[in-house]
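Order as written gives the chain letters A, B, C and D; numbering starts at 1 within each chain.
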Amino acid sequence: MDFTLSAEQSELRSTVSSFLRKRYELEPSRSAARSSIGWQPEIWQAFAEEIGILAATLPEEVGGDGGGAVETMVIAEELGRALVVEPFVSTVVLGAGLLRRAGGSKARAVLEGIASGRERVALAIDEPDSYPSGYEVATSATRAGDEWVLTGTKTMVGDAPLATRLLVVARTSGERRDPAGLSLFLLDFDASDLPADVKVHSYRTIDDRWAADIEFRDVRLPAEALLGEADHAGSLLDPAMDEATAAVCAEAVGLMRKVFADTVAYAKERRQFGQPIGSFQALQHRMVDMHIELERSVSAAYLATLRLGDAPDQRARAVSAAKVTLSRAAKFIGENAVQLHGGMGMTQELAVGHFFKRLTAIQAEYGDADFHRVRYARLSDHRSRAATGEAGVRSGAVAVG
Amino acid sequence: MDFTLSAEQSELRSTVSSFLRKRYELEPSRSAARSSIGWQPEIWQAFAEEIGILAATLPEEVGGDGGGAVETMVIAEELGRALVVEPFVSTVVLGAGLLRRAGGSKARAVLEGIASGRERVALAIDEPDSYPSGYEVATSATRAGDEWVLTGTKTMVGDAPLATRLLVVARTSGERRDPAGLSLFLLDFDASDLPADVKVHSYRTIDDRWAADIEFRDVRLPAEALLGEADHAGSLLDPAMDEATAAVCAEAVGLMRKVFADTVAYAKERRQFGQPIGSFQALQHRMVDMHIELERSVSAAYLATLRLGDAPDQRARAVSAAKVTLSRAAKFIGENAVQLHGGMGMTQELAVGHFFKRLTAIQAEYGDADFHRVRYARLSDHRSRAATGEAGVRSGAVAVG
Amino acid sequence: MDLQYSPADEEFRDEVRTFLEENLTPELRRAGRLATSVYHDHEASMKWQEILRRRGWAAPGWPVEHGGCGWTASQHYIFSRESTIAGAPALSPMGIKMVAHAIIKFGTEEQKEYFLPRILTGEVFFCQGYSEPESGSDLASLAMQAVDDGDDLVCTGSKIWTTHAGEANWMFALVRTTRGPKKQQGITFVLVDMKSPGIEVQPLVMTSGEQIQNQVFFDQVRIPKKNVIGQIDDGWTVAKYLLEFERGGSPASAKLQVQLDEIAQAAANRPGPNGPLLDDPLFAVKLADLRIRCDVLEVLEYRNLARLSEGKNPGTASSLLKIINTELSQDITVLALEAAGPQGLAYQPHATMPGGPVHDHSPPQDGYVSGEAWQAVAPLHYFNDRAGTIYAGSNEIQRNILAKAELGL
Amino acid sequence: MDLQYSPADEEFRDEVRTFLEENLTPELRRAGRLATSVYHDHEASMKWQEILRRRGWAAPGWPVEHGGCGWTASQHYIFSRESTIAGAPALSPMGIKMVAHAIIKFGTEEQKEYFLPRILTGEVFFCQGYSEPESGSDLASLAMQAVDDGDDLVCTGSKIWTTHAGEANWMFALVRTTRGPKKQQGITFVLVDMKSPGIEVQPLVMTSGEQIQNQVFFDQVRIPKKNVIGQIDDGWTVAKYLLEFERGGSPASAKLQVQLDEIAQAAANRPGPNGPLLDDPLFAVKLADLRIRCDVLEVLEYRNLARLSEGKNPGTASSLLKIINTELSQDITVLALEAAGPQGLAYQPHATMPGGPVHDHSPPQDGYVSGEAWQAVAPLHYFNDRAGTIYAGSNEIQRNILAKAELGL
């Protein structure tokens, strides 16, 4: 049991934190997000060159620093605290996680590009008629000689408008709801310069990020576009999605730390009826409940992060536990931060309004609370819980007379 | 829209209420409930002879006063307010409701006996391995010449130890989970004098009432024991169960009125930290939320009561809406009444502890909240709600471009 | 006791239905259905007001001599309920439902003659100047300085949360004419011509991106005393009178039921974990829970209506109803957002009909919408509806009121 | 960062497991499993204390010189966790975990010599005399009059919520020796021989029917001054010191996880609407939610443990953990009651092992139980567990503490 960061990890945290404090302000970042560019490329470059967070968790053989889950957590939390919109999780956690597992020279080249800040990756998986995060895929890739022919429509492809590469999940065998039979393809991508057989609709999201709907009409891909083994994308997706989920949980912790601190500060300062509103017991207890949700969230993010290396079921259960916890907390803290700020909390004048939107969006990302509740239930042994690793519960004989 | 009682109904309310205030005290009623007798027969007799509530809602041809759903609601609420344990709902609402619908001379005789206070009826329906309130019945009745042979085990037969008659739901055709194929049988019953082929285990319930598990081993019943048509008990049970459910909703309103009033009074009187605990804002808001739950409950009880005469689906939906509302309120008000009374609320010294137990039990009676949520969902048209009668919502065309 | 309308009410309801069927154009219904907040598309709303005015139904609550309908409480409820169910746009409450009542009760003959007919036609369109940056929940602490200067009051300060200040040509406002020991005293209720020199409107951008609320700055604005309603220094009396019209006045259950119907219909066509989302037991039960709360709210409203019909005071019922309906409404927006799925995260105000301009949003040139319009409405409605528990006396304040007035704590 | 035990801790855990497997008889486990509250069957509890004492593990938290184990914070946690998972009965906390620490810290040599070994053997069994009828949440307002009379204090008044007063032969109590402006001053911490003349114990019957709590009346009870712990008038210092041992001392997650395992196992065999209850999506999700809260609580406990291991003060963590674990525990009792179904409404304390006698209940002669023992436990546990949010500083008080100490409000 150890909840302290190593010296290097602490150093990483303070590097990221002080960079963001100095260089990442809310106003300009919103302006950039809402501009036609949609982000701040110079910030991304600084992430790579000045504070090295794009390489921090990548393997050493592609120019990375070999950091692990804790490093990802530290970075994501700090990015959350500053409400960074640039595509860290989709590129560095999810994208790189898939590429790393897929292996091969093409993947390796992209990983090197990620480490140096040149490449950004978006994963195209959800479809208009599929249950979100359910791996329900109708988009197909069929073999035609040496090539693959890709056909189908993807929706809400996060960060696609900024991406240099797409990772597309397509069905190469099996029925639409079959968890097997999926394959992963790597495509060059530039939303501003598209081939005729790819149609992209880009849009802003409610939290000032960007996404796109993408239609593939018989797009021909070379054989080497296939990453990993055909029909087995699930074995890449499962762990990489769990890593991404753990990372957004950490990001949510950062978001909540900020809005909670702002709320308590506001309650001490804002006066009504001749006293600070923070002196009213009903509001005090509400803020205590927010504090409790935050402390639970921190623990849940640890749980997910520190179980990423466990066996698949333990890993998935811990990640689902975390996402359920964080989603609930994000809603409770977000909504109450707004309520306690009163009307001002509903405007874009204060940080809380912007953070609230991200806290709303994050609840739905990588599976909403119900998705993860059901997954957790399915993974829990019906009779008695299996050991959740060394520190988990060991069920004794529970039968009684 | 009319929410006022008629002069006769108001009169009925004050008659019941003043009788109970004078003659039904908590201490002696608890003692009786815990004695081997288990209730106060003299009170029951007074219900029949002095205030006429056993006949109030029975048809005139069996000596009743022909009252309806509103009269039942008025009586049940007052009984709840005084925490009456005597078997009003099971005998006068559920039992009589089944007998009335079944018709026939035998049923009529029992109804006359109910009106005069001689008869008490218990319904045996749930079984040890059946989902509560799910009409899942394995107990069988098979024809043998002119007779029926009854075999099976019933559990939690409410008020059976005090009953003079049992109504037993048995399967006469179909599979165990088949909603059709059930029949209703009327048996003479005396828990203290049983035939060899009937085995009864009586027990007290957590709310100081009585119930029993009953085992029937090839019990031979005469042909006329069958009430109504064979295989069609469902058509009797559905409306009678809904009436009983509406009645316990009204009873719950009475219970909650009492514990809520006690809680507010206690909060005004009990002092800690030099002031009444009712002056603390967090507790004030809690009590306001209890008040809101109570007002919602009153409305829900009206809804159920005033829809009992509607078409089956409207009736069932209103009753389920009420039971869900009342169950939630009973839990919230019961638990918080205890919490606000502190340790004393957990003892049997104050009324609140006793009422809390009934409020706990009542949540599970006639289907718990989840049972009714699911039933309500099933009865709600998937596209848009049908008109819920004249005052219900009428859905316009809801499609938008 | 019964839950039936009287035959006369049924007849009235049919009359209303017929009128709505004949007059609600698809465009107007669209404004009702695609609204993202309680503020509907301004143009559609004013168009509908004009149609109602011609039928004599624009201001049914006014005294008959000023153009009201003399309806019973039931008729008001039925009219409001049927309009909502049919998808009619909501009218701005500021003029007809609020300040007009103050003018009728406390106004001079000249004020009545000038304002009332113009409010009906929309020639005069009001906004409300109550809250100030430092006076929110504690409204009576308001500080907008109004100095007596001959025939005028000269006002300096600022008002906030001024809905539709950009569209309005008049404002009704509370200003501070005298400072005394009791903060409720020394307040004056005034009507302000928005074209007066010294007024500056600064839109507030909400989280939804919509600019409906504003901050209005007053710099030495001259308000003729003939535009005072009631007595100088006695504006609190007028404001308290109006408060009754603001809280719990109209039925909320109908609107919420329609929203739930829309969610159900949408969920029948959205993918769930196992077939349509509507068949997912977890989703179905959440929907059932909200519908049940709506059914119960409807009965609560009928009970309140019955009290009003008997001429009784609603008492604390308006606080109770405000809490119940705003919290239910918020929970419904949460379920809608959940039903919307990933498309609910797309920011697409161009697919909706918001109550005002949208800041910093360029619709795509091809008008593309990811998913359907209701999915685009969902997040904006969720954001905007957070106001429900904040405005018109936050729900914390309502609970304080109930604790004191209803429970005697 | 990691969530693993160290190799030394793993070794220790295995040692504890082996000990538990060898020494926990089925009867003792039964007392743990069929307990209806935090108070386990008294006899089983004392038997287990004796077995632990022989192993040297009855009072691991004491200083080694008095019989403690010198364990690390991890070892304490592991021991407690493993004991719970194995189903060991809980020991009464009053003696070993509470008053003993006061005696060790503030007691005289004679007091230590007399009481500590006897607490271990059970020859001395303590109850706690803190609360009074008029002093609950506001403990410092306590009023039990203690008049100085030579070598004695003479006490008159009453104490309430005195757990196991019937079984106890000693009480530790706070009494009022001086009345001054500050209520925390003038309180004295005393040990009272329960056989002293003038003491009368009156059991309180709880809603569960159990008589574990009592009111204890003092009528001119003489307490020798040699039984004062610490200084006269300075008892608040002792009480505050003990409070640290009462709140959040031991891990709650293990017990709650075991309860959830039991619910899951039971629900696999109970009928649901469609096959086993455990397969009902609504039930499964409620169970998952509670398990998730437990998983998170476990990590919160580890974080607290890590702080303690570093020698840091737990700060407000004990209030936080108290709120989280009592509210979770109550929600678990609700799910258990739901899983129990109709049989959960049967009152059958004879099928359980309550922590004290049951009032007004005659078990059936044939020992019949409707359903299974866990179903009989469910309602009693639900009733008794309501105490969790009331005792040891109600959760409202804990929230006040957090608001002040943690948030600075």
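Note that a residue touches a chain if its C-beta (ideal position, glycine included) is under 8 Å from a C-beta of that chain, and two chains touch if they have at least 3 such contacts.
Protein names from UniProt, one per chain: A, B, C, D = Acyl-CoA dehydrogenase family protein.
Since the structure is predicted, the reported quantities are computational estimates derived from the model, not experimental observations.
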item	value
Centroid-based (C-alpha) most distant chain relative to chain C	D
Pair exhibiting more inter-chain C-beta contacts, A-C or A-D	A-D
Averaged-CA centre spacing for the pair chain C and chain A, given as whole angstrom	38
Gap in Å, rounded to a whole number, between the CA centres of chain B and chain A	51
Interchain centroid distance [CA atoms averaged], chain A/chain D, Å	42
Shared interface positions of chain C, touching two or more other chains	281-282, 285, 396, 399
For chain B, residues that touch 2 or more chains besides their own	280-282, 284-285, 370, 373-374
Chain A-touching residues of chain C, taken from the complex the two chains share	131, 134-138, 141, 160-161, 204-207, 209, 213, 271-273, 277, 282-283, 334, 337-338, 341-348, 359-361, 364, 366, 368, 370-371, 379, 382-384, 386-387, 389-391, 394, 396, 399
In the complex with chain A, residue positions of chain D that touch it	1-6, 10, 29-30, 33-34, 74, 82, 85-87, 253-254, 257-258, 260-262, 264-265, 268, 278, 281, 284-285, 287-289, 291-293, 295-296, 298-300, 302-303, 305-306, 309, 320, 323-324, 373-374, 396, 399-400, 402-403, 406-409
Chain D-facing residues of chain B, complex	34, 126, 128-132, 134, 136, 155-156, 201-207, 211, 213, 271-274, 277, 280, 282-283, 331, 335, 338-339, 342-343, 345-349, 353-354, 356-357, 360-361, 364, 368, 370-371, 373-374
Interface residues, chain D side, partner chain C - complex	281-282, 285
Chain B to chain C touching residues, read off their complex	1-5, 9, 70, 264, 267-268, 278-279, 281, 284-285, 287-289, 291-292, 295-296, 298-300, 302-303, 305-307, 318, 320-321, 324-325, 370, 373-374, 376-377, 380, 382-385, 388-401
